[in-house]
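Two complexes are shown next, each including subunit A; its partner changes from subunit B in the first to subunit C in the second.
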Partner chain A sequence: MYKVPKSRVTKVVAMAMAMIFVASSQALAGDGDYGQVFGLSSRKLVWFIAQMHLYLGAFVLGVPIFAVLIEYIGFRNGDKKFDGLAKEFTGLLSVAYATTAALGGLLLFVFVALYPTFFSFMANAFGDAMIFYALLFFGETLCLYVYYYGWDWMNDTSPWPKLVGYSFAAMGVGTILLAAGVQFGAFGHYHGAIQPFWAVVLVIAGLGFFVVKSKKGLHVWVGVWLNVFGTLIMMVANSWAAYMMSPSGIDPNTGQFVGTTLDAVMNTLWAPIGIHRMLGNIAFGGFVAGAYAAVKFIGSTTPEDRAHYDWMGYVSNFVGICGLIPLPFAGYYLGREVYSNSAVMGNNMMGGDFSWTFIIQAMLVGSLFLISCYYLWIGMERIPGAERYRGFVKYLNAFVLISFAIWLTPHNMPLTGAEVSAMGGSQYHPTLKYLGLMPAKNAVVNLIIISTFISFMLYRRANMGDMVPISKQGKGPVIAISIAAFICLYLIGQYAWAMYSLDPQELDLPPDRVQYFKTVAMLLFATCLMIVISSVLAIKDKGVLAQYIYLAWIIFSVVIFLGVYGFVVMEKASPFLRNIAVSQFIQLISAIVLVTAIDIFLFRGAKSMGEMRWGQISSRSQYALLTLCIFITFNMGLMGFIRSGLRTDWHIYGVLKDTSEWAFTPTNFTMTVMVSMATLVFLSAVAIMFWLSAISKAGKKSNPAQAEPVEVQ
Partner chain B sequence: MKINRLLLAVLLVAGAYAGFVFVFTYLLSEPIPASVIKMYMFFIIVGVVLALTADDESVREMVEPFTALVFNKKYLLLRNIVFITLPIIGMAITYWITKPTMDAPVELRTVHPAPPSSLKAFGKTFNLQTLKNPFRETENTDPDKFAAYVTEGRDVYYKNCFYCHGDKLAGKGHYAIGFNNPLPANFVDVGTIAQLQESFLFWRIATGGPGLPNEGAPWASPMPVWQNYLSENEIWKVIMFLYDYTGHAPRVMDDHK
Partner chain C sequence: MKTLLQILAFSLMVIYGYTWFSNSIPQMQSQPPSEEEISLEGMTLEGYAALGEKIYEGKGTCPLCHNAVGHRAPLLIETSDDGQPVAVRSTDRLQDLRYKGDAESAEEYLRESMIKPSAFVVVGFGKTGSGDTISPMPDVSAGSINLSEVEINAVIAYLQQAAGIDITVSLPIGEIDVDEEDETEDPGPVKDFSQLVEKYECKVCHVVPNVDMEGEEPDMGPSLVNMAEQYKGKLPAGYSLEDYIRTSILKPNEHIAMGFESDIMPDDLSERMRVSELEMAVQTIIGAGKGN
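Showing the complex of A and B:
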């Protein structure tokens, strides 16, 4: 194989650095506040580079999350197949990681050169955090190198002396106690979800310690810390982006930053953006990895390869959907915080300039759910016994599509002059206008998620035959289903009580509006009753009935009742509408938790109607995976534009004005051009990176001394 | 009787279209905007195609008529007819879509005009992000005073606003018939003031049509600049009346504690 001489690489790097230096000096020759290179729009340049950095960043942060989870599953089950898959996922990172860092460096240069005043302000507020950020890369790089290159070396599962395990477990307990301290305010009380977010990160980090009982366990632990460092890096960088939207530590009279770095970091939108990005990264990483598997599947020449990449594509889609399901709720939380932070920004986002971009976003997100379901429906072809459930597909398809159409229906329609006249001069359709309001949107988003969840359930049980009654499985199922039911009861019950005792004054509402709170509370109490009934039925060997009852109740409560009642609340007690959304979300989560818990034991040990025929799937499914990757890339670019564009003509909202010639909000046309360009370049770059990782593997396989063991499927 | 999948697909799509026309035109007597029906039909076509291609047998059945048309010599005449007719239909549709008309172009309007972060009115600057109705707290603290303010707001409304916004606040005043896009706002509708903060209404009333932002233009709103005719307090009180009469609650923001 042709090898690029090192001297040539050095020359290319030197030339690139020289170009950046020349460009920077040319840029700095501007009017002081802003620079320009090669006559380009500085805003578009920053936009493009930042977007590329974010795409790659999301990929390299998302993939390790599920890679380590898959490795852990393989480690627990002793299934080498999972271990191989986790390693293959991690292998995709090695090239992407360096490119992400390079783009990050380029972004820094561009900020310094083109927006010096802005960058100086940011450096003043975040100086310490920036140094900390750079240091974190050492930890991240070390973990990645040990994790990837030490994979085979640390593959030994023979147990270490117990003392080692106990020592690590003690550290784990310490870390979990630290998490409890964070959650309960031992280190101060902070706005919104900051404490729970970090508590969860610390709990996961703490749990990682308990695995260290062998060399392989240590490897999993390194993987956990790779994610901890990744999360820290993401959160530090997030604090800058969030600060630009919701600055803190500012003297309201002078507009100067007077706080500490911590004040700047702990700004209002830090946690909501962090949670949204984290879930987005998982979904993005899953779908990009799915595209990789699809390309490999299409190009496979042997049944073994087809089987392997079919399975990899399935796992990737599963991961993508797992990230995608909670995303609308994380987005709702983020949107709500944006609104609370600035009503002007919130209005601009959902009702103003950016409202049409949300229609496009709904189209993309809806497509992601629909295509994922489609992939599962096609996948049922390779499962013996799945024909029993194929009849459900058309109904699920109809649910998803009707929901999708409602989600997309705008409140005010694009109308011709003649149509406006036909509607009496109004921009709002007399009937369809209701579909454009939040209660309708919330109801159908929940229905899309429930339909996707049911698609997974059908897929899971497709080849399951005669079941072993739960009562004959010992105490395990009773305990597990009871725990799941208890979690659901706590989740719903505490909120039901909070709604029952909510004082209308807290929402600036008159006392008589309390009736709306109580109605929702009673509904949630009824859901608690359904949880008890369903879990008892499941334990009494009526698991399928229990699942039907609970799912039917949740569809009635979340989609039908609260969907309609939302309009009543919107009219009479509008501020309470956000609580309706939370009620819908927690009930949906309870359905996923309880129905999954029942499902696990319902089909444990069930007679198989035939083995899954991995590899025997239509190519249509693989094109579905590719489309998922393209759509999520588009969507991420679009959401990046919205998040950044919401600041309108401010660098730092309300504090530092953008006085450059590019300060205006770009049109939707410009946005589509820029996002499409970024999508195209990113996907091309990913294709090249995957190709590089493939030729590296091909090189190893052609050299018997370095050949990897062939995995048995 | 088993229907061929392709025929089934065509029937489903045609049936859905006929259903829309029947429901909206004959049952509800309401127009269906072309943009909406196009979007819905797009979803129906996608849905039908996805449902009918979810298993290999269906795909074969769907594709079979096309394959036969192209490769089976038995259908030579039909093939020629289809291959000549399809481009002609395509051309006709293209001509129909692109031919110049006298109609005004389709407008993409924003739901609510985006408010500025601050507002200059009554000779001072208001921060719209923090602006609150100074009389609102009486709703909970002093109901009698609140009722008095609402009554004052009612008087302001019927002296100034009802000509366009109507006696029942539904946007059907005497002059409303003279306006076309935008119509006077219908305050009773759940999609208007129920979704907005009082500061937003203050901005809209104080600066009227000329105060609308450049984004989303042309607005063509004849709403007067009420700060030239009403006092600051009168505007706040009329806002209280709007919410009280309609039964809506103004939108409030979470406090960041």
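Showing the complex of A and C:
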């Protein structure tokens, strides 16, 4: 069944390769640096193919992350519907995988044919990495095939002899120790977040070993390694894109690459781009899977199918939002690193050629949050008991809407004379100018995330009635809530101390500015106190109160106090503003961690107020899911345009100049047309692939939304 | 099929909405900086400064940071909270205790600040944590900006002109200007002094040395023959004869010779005349004086 699409894809690839070879022969007859085929713009051709490859790549890298998580949840809970859903997600993946690889090959040929000098330079710097990259595909392909085709064969949860489990656990311990070695510099010290990033990857890989106690556990482990290979592949490819922005290992006098492959890989922007892309892939994978569920829901003819795809859409949206929430912070980190790498590039980003592009980006990201909240709000229709909360959610949505508007407000824009004149001769709008500044934006971004989180929280408890007091659930909740509280205390406490003891000289500020550091430090110490109060209240069966107290404090501290205080700091101690942003971020994270930990036990075993009416939801909700998918696809293309466009007329920034006729930075309209076209083609291709996937399942029905075991194919 | 069409129509509508929004905002298309070979043969000082302005705004990407809006770097052209224009305040920098460069003149300081920006970092504009000892500004002679020495000097000329002080950078000698617009309007610099006199119609008003005056002795302007003798002890304070002749050509109303009227000689020669032509004129007139 799967062979059908695969063989078709193979034919398409063969035809594409033949075309490219013909094109190559024409192109290479050109002047040597650049080629052209069929009179097309080489830049737009590469742009389009690279974009398509990235879309599909993001999907095949993002989906396995949550597929294996969902499978693990089902494995732990013994709930077959999760297992069925994870397999369904993986089924989408297997179809997209071959197309992604085919597009990767196409992209390679296009580079060789149309940009031979550039590709020669890259091959010189990354030759070893390119071979390694190709070899990694063997690992990923093997894992994917075993993971997908071995699903049913490895579905046995009967425990293996303990010795097997201990052996794998020992390997897990070894991998985690390796992670510790990476984090603490046993293998060298590298720029920025390179060490923490790889330490986290290794910890996850190490934890995967502990699951192997049965055939099913081994299957989960294979899924973990599918992700490890996927991450490695993504990071190797990322190193090329990052290198083009922040080249390393270059002789400044000759402009020639004189370093090692490792020098080239470990460039400044490697880790920031990697982190940002990884989170983006999770969000992207979630929203694309959500669109798949939405289309299936709209086309469903039976209540069972509607129920199943409604549930699938909900889970996908949840995954998408989980990836989306930390993305603004990863973007902030990436932006800072771009500026540190090149002030020219950094300034061009939000204050130059791409300032308007960032307005479009803000519109898209804000819409993603807003539409997700809207989806949850509509979703309450199908939850008995939700009427208790629906009234509040609309206010939360209003907060998101207002915050979104503030986030969109520009500050520095290239203006025409007429625009300046319309604003009374000023570069800034007389009343809105404050909303365009970073303190306001930081405050509202946090408010958007908190509001979205609270929406989820209310959605989750909408169906819950009488609760089982935490004190009657044994020691588990006490330990878990205490651990969560400890993590939050450590997170906030260490930063509070760092702020308390921060020397103003470190930020080039006069000694009297220490007062601003101490104010923030005291606020963070107060947050620590609130953590203790909230966790004690939760353990003493006042969980709901504990949650509201802590959330109220965080909103006050992060949005109101630090939002306003940010303006003061910007005026009096501007370099400290980034510390304010970090203070806001860690408090927000603490709220998500602590409130979620309390929530899990607060509603564990709670009495249901009625069966979830999966499938009984307005079709508007499904169009919301579709819009989320389209918007994140746009956004990914747009951000790729900015990242690539920041190099202006350089292939490799400051090293290899783009001397082609396409070296200019195109308008936002050109970008939009290109991205819209790529979005349309991508979504159409995905629709066809999903249809092909569905052919293989024709005649077989499943309904994992019901508590009955799903029919696993 | 109906469902599919509904979904397709909806998706196209969303995509159209996005495209419409993106087209409704101002559109900018940035061209890469021109890669024309700069040849300064025949370029005037003003032209050189104008070239500097073009580089400052374009290839140099200077206003990206040196602007009043983002104010990520000190302002250079105008008097502001950062002080006087940079070409004026650069003299004071050399005396500053925090200065750690090798420049000995204001012009050298300007050049050094572009190539080694950390030689002096204005307070508040250094990299965070460096104690204003490291500048975030890149070396403009390398990397993505990659200005040549000629281009850097042009920027210095622009900064000095914008500050209203004398342009001190020397003009390099090069080939004929390759600017296409100029090529259509101007056949290039003259080959000898007689062509120059013809081109700028000097002998309509002046008696000019080393050319055939065809029996005419025009008197609307002072004679240019034997000027060393004529102006001995009569030159404005601080002027050499060479300075005086150069100034009189570029700014004819600055010093009016006794007995002659102002506003007669064209005052746009500074824009029309090339540097090589100006030097030819000055040296020929002086040489003619010496010869006589």
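We take it that the second predicted complex is superposed on the first by the 670 of 713 C-alpha atoms of A that agree within 3 Å, B and C clash if a C-alpha of one lies under 4 Å from a C-alpha of the other, contacts with A are read in each partner's own complex, and residues count from 1 in each chain.
Note that in this section a residue touches a chain if its C-beta (ideal position, glycine included) is under 8 Å from a C-beta of that chain, and two chains touch if they have at least 3 such contacts.
All of these numbers come straight from a predicted model, not from anything done at the bench.
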Sharing subunit A, do subunit B and subunit C clash or fit in the superposition?
clash
Which of subunit B and subunit C A:R336 touches, first, second, both or neither:
first
For A:T672, decide between first (touching subunit B), second (touching subunit C), both and neither.
second
Have a look at where A:T409 lands relative to subunit B and subunit C in the superposition and call it first, second, both or neither.
first
Applying the touch criterion given at the start, work out whether A:L401 contacts subunit B, subunit C, both or neither, answering first, second, both or neither.
first
Subunit B versus subunit C as contact partner of A:Y374, first or second or both or neither:
first
Can A:G476 be said to touch subunit B (first), subunit C (second), both, or neither?
neither
Winner by number of subunit A residues touched, once subunit B and subunit C are compared:
B
State whether A:K572 touches subunit B only (first), subunit C only (second), both chains, or neither.
first
Does subunit B (first) or subunit C (second) touch A:G436, or do both, or does neither?
first
Please work out whether A:F634 is in contact with subunit B alone, subunit C alone, both, or neither, and reply first, second, both or neither.
second
Using the superposition on chain A as set up above, list the residues of subunit A that contact both subunit B and subunit C.
340, 342-344, 347-348, 351-353, 356, 412, 414, 416, 427, 505, 507-508, 575, 654, 665
What residues of subunit A sit close enough to touch subunit B in their complex?
191, 268, 336-337, 339-344, 347-348, 350-353, 355-356, 370, 374, 377-378, 380-381, 390, 393-394, 397-398, 401, 404-405, 408-433, 436-437, 505, 507-511, 513, 567, 570-575, 618, 620, 654, 665
Sort out for me which residues of subunit B touch subunit A in the complex.
24, 28, 30-31, 33-36, 39-40, 43-44, 46-47, 50-51, 53-56, 59, 103-117, 128-129, 136, 139-140, 179-183, 189-191, 194-197, 199-200, 215-216, 247-254, 256-257
Spell out the part of subunit C that touches subunit A in their complex, as residue ranges.
3-4, 6-7, 10-12, 14-15, 18-19, 21-23, 25-33, 35, 61, 64-65, 68-70, 72, 124, 126, 128-132, 136-138, 142-146
Subunit A residues touching subunit C in their complex are 252, 295, 298-299, 340, 342-345, 347-348, 351-353, 356, 359-360, 363-364, 412, 414, 416, 427, 505-508, 575, 623, 626-627, 630-631, 634, 648-650, 653-654, 658-659, 663-673, 676, 679-680, 683
